[in-house]
Structure formats: structure tokens, C-alpha cells
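There are two complexes below, and they share subunit A, which is joined by subunit B in the first and by subunit C in the second.
Presenting the complex of A and B:
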């Protein structure tokens, strides 16, 4: 006689998995409850009377901030990736003092972003910042380049550039650590095998390092692009005259007391973050598939 | 195919002499094995031939051409690593074709060569699989295919079977022999497993502390080991060593006598020139049984015929096959 399969009721299944449920449900509640509240208010404000989600598109301030943030993300993200790869390659090889060097490279992340932004502001302030002093020949070790001091925060190019410089400098250890972890998973014998087969440094990087590093690169691109889209502190301190979306949301909400427009702006920001994440995932997958073709 | 000659080859890592004055010639189409314990310098020798390490002193010649300063890819050699070193993100086909891609071979040529390797190594049907989707033996064959497809003059194999289980290792041994017969490439093989060295090689070189102690055919090395280390390293179970003074027909305290388990017989009654001992445990390997005999303070192993049985703790006499006796100088360890 074949043994009858015992059928479990939902209640019995729940009872069997009580411990797993007990430890996972609070996590999900913590994560999703807060997310749902935020999304609820974003949607509520964005789709309130007058449809701010649509009307904000005709606001010049929003369009300019969107364009600025887009460029900030588009240039800043690959820049952070490149800096991360260079630093990771530098500290990847083992040499005397490698641990100390790695620790030194982690210092920027330990300094609060606001402090970094204020220091950059002081360095580049007009007319008596250190950079102006340096370029005006006030320090004997450096030649005089400028006749008149430069107002760095007076132009969009320089002030957004300074914000990007601060952002890249401060967050470089994050990209470095992710890339370094990726590099350390690659077997050294693979490189030796490729070397024997005639692959030069560039070919080894292209066909072995790069494809094997794509998960790490993809992580850096996605995390950094999200961070760049929603950046607040550096542009707030260094480019107040040229707000990015993060600064604009704050301004709409706190200064102009307009939560509806602020909500609509934030919802667009979330949508752009989603689109960029999708794009970078697709891009890295396509590049990897191309690199591993026979 | 090519002849490889190592002349006074040395490799030092600081004070450590990893390879110490090696002289060795590997003939055209020969299968030579470097065998020795871990850290004896066999893998370093292979890496020197491959060009992955810089030579400290001496020369490496392939077909009389000094290759010391040639980069690895200009030596026309291929290497299979212990870990296989397959590219985990590439399919079997892409792994095998990688070297050809680097050499910029045209598509049709590349396809036919990869097809040849897949066929030679019985990998058809697995072309699109990734290394992680293959068994250990299949990965091993992909690594061999990747090396052979480049038609190297010399194929270097660094302990390629050591990651496989015992059964698969035996199968791959046969496979390697078949391959060598078919492609006739000069092969330099590195292993610490003496059984592998004995069964695969045309010749083998026993290494210790960066030096080659003896090089010869497996039977030469087995039957006439030139020193104590080689005598003890080659053969399983290992050779028995007894002090000359306890053996009636040797009676020399400066001599250490070596005798292989299969060259010993036992007698229950005292016979001339035999050595007295006490039977200890018996090990059965199925086809062979081995008896361990306590002689003085040593434990001597001997092979028993399948029908021979002996109880533990019995007094017996060990009879030596005098033609198969190996005598070594106790102080130098060299054969006398």
C-alpha cells in the first residue's frame, strides 16, 4: 500500500515556520512600513489638486535643476568608478605598507560630508581663499597665474565642479572597497594562463578583469548614480545659486512651503533613479556579454 | 614538438634556493615527470620553463635556443595549472578558443581548431556550458583542450590531477596517456604522487630541496634508486630499510639495506641468511595482502600471496631475495 502523503493546512505550515516568521516579519515591517508611508505622501502630494507632477515640468527652476543633476550624475558616476578602479588597483598588489595605505585611503569617508564641503568652500572662497592666494602668487613656491582673484562660486561650471570634486573625494573609499573586493575574487592563475597564451596587459584587463569585475562595477555604478541623483550637502554648500534636485526639494518644502511641488519633484527623482538603475544594469550586462564572446 | 634542456638552472627567492643547479634534458616528444614532495622546487622549475618566474642563474633551451629572457607567449609552450585556471565567465568553447582569439585567428580557422580540441577531449555537447556547470574531470579536459589547441612545442602540466577524486584520477591518467600518444607533444609533468609519475612517464626526475636526485625511466628509478630518498619515495608501500648489522649476509654497520615488500618471503622455521621477526598486522588491499613484521625496532612490510595467511604475534623468519637488495652508505645516503 503506498503511504498517504500527509497534507498540511496553512495553520500547520505557519506553526512549522513560526521561528523564521518571527525574525523576518519585523524586518519587513521596518523596511516596508516606512517605505509605504513615504511613497503614500509622495503620491498624495504629486497627484493632488492641479496635478503638481505634471505642472512642475513647466517650471524653469525644476527643468534647470533636473538637467544639472543629470550632468552631475552622468559625469560624477563614471568619475567615481574610475577613481575607485585606480585606487583599488593601487592597493590590490601586496607591498610593504599595503594595509596602512588602504587605511589612509579610507580617511575621506570618516570625515563628515558637511565638514569636507565647508573646507572646500574655504579653500575656494572669493577673494581670499587659499586657491586664489596660491594662483595670485602669494605663496613663494608657486608662480603667479592670476592677476585678479577668481570667483569660483560665481559660475555654474565651477561651483557644480567643486561640488562634484568634493563628492568624488569624499566617497572614493566606497567605490575603492567594492572594486577591491571584486578584484580579490579573481584567481591570479587565470592571468598567468592568459599571459602564456599571449594576452598583453590591456587584453588581460579587457577579457578577464573587466568581465569578472562587472558585478562590482555594476554595484558601484548603481549605488553611486543613486547617490549622485539625490546629492544634497555638497551642492547645498558649494553651489547654492545653482541647485540640484535635492537642494530644490529642500527649497520648495522649507523655503517656499510648497509640499506639493516638493513631493512632485521628489517623485520625479525616484523615477529617474529607477530608470538609471535599469539602464546601468542593462549596460553592464551587455558589455560583459560582448567581452566573453568567442 | 621540441627538446627542452635545463643547464645549471637556479632560482633563488632571497636566501631560499627553490631550484638549485638543475641539469636536465627532455627529449623531443618525451613525457617527463618531475616528482617530489611539496616544496621540492618542481613547480618552480615548471614556472621557470613557462617564463612565469625569472631565472636567477643558468639557462633554459628549447631546441638549442636560449629562452631565458623570452616572454611566456614567445616560447610556444602551454601550461595546465593545478586549479585549471579556467576563465569562470567564459563558456567551454570560449575558454578553449581564448588563445586563438588573442592570436587573432580568422573565424573559420578558430572554429575548426576548437572543434578539433572538443573532439579530441570528448567535450562535444558541452560547448556552451560554463566551468561551474562542469564536473572536475570535464574542467580538467577543458584546461587540456585550451592548452593543446595552441599546438605548443612543449606542454607543461602542474599537478593537473590533484584536485580529482581517486577514481577520476585513474581515468584521467589513462586519458593523458592516450592524448600523449595522439599529439606526441613534449610533456613536462609535475606531481607529488609517485604512482602517477611511474604510470605516466617515459622518464621521471626525482626532486628534493631544489635538486634533481635521479632521472631515468620508471623501472630504472624503481629498480636502481641511487639514494635513500629516491628509494623511499618511489614505490608503494615504501621500501623497507634495515641496518646492515642485523642482516646475517651483510654484517656491516655502515650499510643500510633496502628491500621492497615484494622481494621478501617468510618462513615459519629458521632458514640460513634469514632475519627473525614477529608477525604484526595484515593489511588487505583486495588483490594484495601486506604483512607487517616487527624486526628489532623496525616495522618491515612484505607482500603476501593471496593464499598465504599468518596469525598475529607469531615468530617468523624473513627471507631476502639477494638479487633485489639495495645497499646504501649510512653516512652519505648514496647507493653502494
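Presenting the complex of A and C:
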């Protein structure tokens, strides 16, 4: 009977691949179970009684946090890209001690984010810290700028700015490594040919480096914008009075004991990240199409 | 010339904060409590190691250090047991839909930590998982974060080892499991060591999940302990000493696995 042989062969196949199944299934099951749990709870909380996902939109707290996070992302992402490009260009061509320099440039990633936040907290402490002493002219080598010490964590601009400073400082090496990998794929012949034909530095950068670097740039932009949206530790430590979305989620969950609102906020964050990723992918594709002329 | 100056500036910007942390950790009282009469010195008046000495006999600090170590090692064990065989299967066998599976591996990381932590914490606070000790719960959460990276690194390691070795052993009559354990694993150990270190560091540094899961308990990992200390507004040298002790294993290990870090850092790039 044909049916029986078919079943038999599937059983045989299973038995043959039992080893592979046995070693892959637990891992995927574990990840899959948590993926379902995350999705399930986020949707359950967001669409529970009173539709927190809609009602949170009218909360002033949420709107302020959203606006702050949006600016944080919009300014932080290009800033991190620029820093990454500068660092990568500095260590791209080899010189004496290039590998040591590259290693030194990797130090920030070795410092835990929480510790980086602590360092910034120490440097910018109020009323007396290195930065305040510097700005009020207590060191002989720097002019006096401030009359009174400045409470950095008391103003929205400075506390969010410090959080961004921490983020940029700590994640410099990541952007640098991606850009560096992109630069290393560009072949030297193109530059030589352009130079022979009389292209200057700016033209070489615009017509060779930039178009060929766009994949790396787009990777950095997308990864960094995701990172900036979801940033938690730096604003949590440095700007607790002016919550970003991540800090707001923690506050809704722990202080206000409202997992429904927290879940709704968390789901919105996921949606914003999705939208930004889509937008950046589209934008970089368009720019690339404009830069690369065939 | 411009380039040299720029490099010097960048190196200064990178070294200076680390130096400041070190400076505070060995500062005496006069160097941190200035009362505004004189500027904070860039080198303490009487450098000493008192803070480290007092920390190393502090019970709550040692306790959190132990918790961090336990969580780290458990996470490494979970990740290796779950991840290494999977990476092996993904490199050595033609599994239909490997691309989809690889994307799926990363899909949990597409959720921001701060969003994913709420469902995970809610699930962990419910029975039957809530019966598990908090240390195990935190390491289960960390496994979730580190597993995709561990698999990507292990996959890179296995791809670099020629398949012929296993085939030859199988021709000689070894089973698939035997050739995996006795032929491949010894060859792959150095690379897998890098995966283990990467996993350990991720767990050692991880804050969000540990903070949510340990929120009400008495156990704390080092980052959570550091945060709790921060809320008391402690002396600068105390907080700096804790931070510095927390950094040391990270700095040592990071430079040990620099070569493999790149895989881990850019693994998300294919998202």
C-alpha cells in the first residue's frame, strides 16, 4: 500500500534526523516560547479593559516622554554616525601604532553603561565637581564662565544632554567598527583611477567613498536609531526627573504599579522602533540611488 | 599633523573619564569634600586604598559579587548547552529554511529590552516559575539575551573547521554524536571560550532584566547593587571604588576576546 510506505519513510526520516532535531529543538523552543510570551503579554496589557494603548495617548506624561525620546533619537543618531565616521577615518590608514590606537578606541565598550553613567554623574556633580569647578573658574587654566554652580540634573536640557553624552561616548566603538569594516571593503584602484583623472579630495569622497559606504552608514543609522529609542540606563541614572519612554515604562510599572499602562507604553515603543527602521531603510535606499550613478 | 592632534584628543576623551573614576576611587576625604574653598584636585592629596579595603570586607558588596558570578556562570552554562549544538546543526546539516531560522533567532532581540522585560518579569512572578530561586530566574532571562549572540559566534567557529575531519571519523564508524563530542568540540574549544566570555560579560553588565526581576528581593547583582547605593547619594570615592571593581573583569576579558567581539557586535546588523 502506498500510504503505508509513505508513513514508514517519514518515520525513517525522523529517526535519521533525530540527532539534529534533538540538538536544535530545545533552543528554538526556548526562544519561541519567550517570543510568544512577550507578544502575548504586551497585547494583553495594551488591549485590556479601557484600552490602555489608546488612553495612554492622552496622558501628558506619555506625550512629553515621547517628544523627549524623539528628539533624543533624532539628534543622537546622526551624532553617533558622525563620531563613528570620524573615528573610523582616523584609524583607517595604517601608521605606526595603529593597532594600539584601535585598541584604545575600543575602551568605552569595555566600560559597563551603568559605570559610564556613574562617571558622568561624578564629573558633573552639583554643587562641587570637576565640571562645575572648571566652569566657575577655580582652575587657573580655564576662564570663569559661571557665577554660581550649575545643577545639571535639574534642567531638562542638560540632564538629557548628559544622557546623550554618555550614550555617544560608550557606543563610539560600535559605530566605528561598522564604518571601518565598510571602508575596508572599498578597493584602492577606484581612488587611484579617480586621482589619475584629476579628482580632488572632495570629489573622491563624494563619488567614491560615500556611495560605497552607504550600506555601512545605513546599518549604523538603523542600529543606532533603535538603540536611541530604547535607551534606558543613561536617562534612568542621569535624567530621572525628565523621563524618556524607557524610564517612563519603568516608572509606570514600579512606581505607579500599573502594568497595563506600562505594557501599552512598551508596545508603542516597539511600534515607533519599527516605523523608524522602515523610514531609515527607505531613506538610505533613496540616497544611495541618488549617489550611485550608473 | 591634524590627524595626530585629533587622535590625541580622542584618546584623551576616552582615557580621561576612566582616569577620573580611578582617581576618585583612591581619593581621601579632603580631595572630595572641598566645601567649595578650593577646586577638586586631579590627583588626590593623600591617595590610599582604604575604600577597596573596606569594600572587600563589606558583606552586602561581597554578596552581590557572588550573585553576579553565579548568574554569569549559570547563563554561560545554559547558553552553551542550548546554543552550541544548535550552531553545529545549522552549519553542518542542510536544514530547510535556515535563513528563516537565523532571522527567528534574532527576533526576540528585535524587542527593546525595556519592552520585553515586562512580559518576562510578569511570567517569572507567576507559578510555577516563581518557585525557582531568583538567581536562576535572572540567568534564564540573561540566557534569552545572550543565546542569539552565542549561536552566531559558535556558528562562525564551526564554519572555520573543515568538515572532512568529521566525515573521516564517521567513515571509520563514529556516530554523529561521537564525532561532535570527541572530534569537533576539542577543536572548537578556543572559539567557544570566546562565546562563553562574551555571554558572561553580557550577563555581568546586564542591568534592566536583573533590576526588574530582583526588584523586591534581597539578592542583587552588582549593577543592581550599584544602583541601590546610588540612591543613598554616597561619597564619591565609595561609588567610584565599587564601579572600578565592577569594570575590572570586563576590561580584562574584552581585550582577550576583541577578535570575536566584532561578530557579536555586528550580529544584529542583518536584522
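Just so we're on the same page, the second predicted complex is superposed on the first by the 261 of 294 C-alpha atoms of A that agree within 3 Å, B and C clash if a C-alpha of one lies under 4 Å from a C-alpha of the other, contacts with A are read in each partner's own complex, and residues count from 1 in each chain.
We adopt the following convention: contacts are C-beta pairs under 8 Å (C-beta built on N, C-alpha and C of every residue); 3 or more make two chains touch, one makes a residue touch a chain.
Everything numeric in this text was worked out from a predicted model, so none of it was measured.
Under the clash rule set out above, the superposition-derived model of subunit A with subunit B and subunit C shows the two partners fitting side by side. Annotation: apex subunit A, arms to subunit B and subunit C, angle 100° (C-alpha centres, rounded to a multiple of 10). More residues of subunit A are in touch with C than with the other of subunit B and subunit C. After overlaying the two complexes on the shared chain, residue contacts for A:41 are found with subunit C alone; subunit B is out of touch. When the shared chain is aligned, subunit C comes close enough to touch A:125, but subunit B does not. Once the two complexes are laid over each other on the shared chain, residue contacts for A:292 go to subunit B alone; subunit C is not touched. When both complexes are overlaid on chain A, the residue A:106 reaches subunit C alone and has no touch with subunit B.
Least inter-chain distance for subunit B and subunit C in the combined superposition, rounded to the nearest angstrom, is 20, based on C-alpha atoms.
Of all residues in subunit A, only 17, 19-20, 23-24, 26-28, 30-32, 34-35, 37-42, 45, 86-87, 90-91, 101, 103-116, 118-123, 125, 127-130, 133-134, 138-139, 149, 169, 172, 174, 177-178, 181, 219, 222-223, 226, 229-230, 232-233, 237, 245-246, 249-250, 253-254, 259, 262-263, 266-267, 269-270, 273, 277 touch subunit C in the complex they form. Within the complex formed with subunit A, the subunit C residues making contact are 3, 6-7, 10-11, 13-15, 17-18, 20-21, 24, 34-36, 38-40, 42, 82-83, 85-86, 88-90, 93, 95, 101, 104-105, 107-108, 111-116, 118-120, 122-123, 143-144, 147-148, 151, 176-177, 204-205, 207-208, 212, 215, 223, 226-227, 230, 236, 239-240, 243, 246-247, 250-251, 254-255, 258, 261-262, 265-266, 268-269, 271. Interface residues of subunit A, counted against subunit B in their complex, comprise 187, 189-190, 192-199, 203, 207-208, 211-212, 288, 292-294.
Interface of subunit B with subunit A (complex): residues 50-52, 71-73, 77-79, 81, 83, 85-91, 93-94, 97-99, 101-103, 110, 114, 146, 150.
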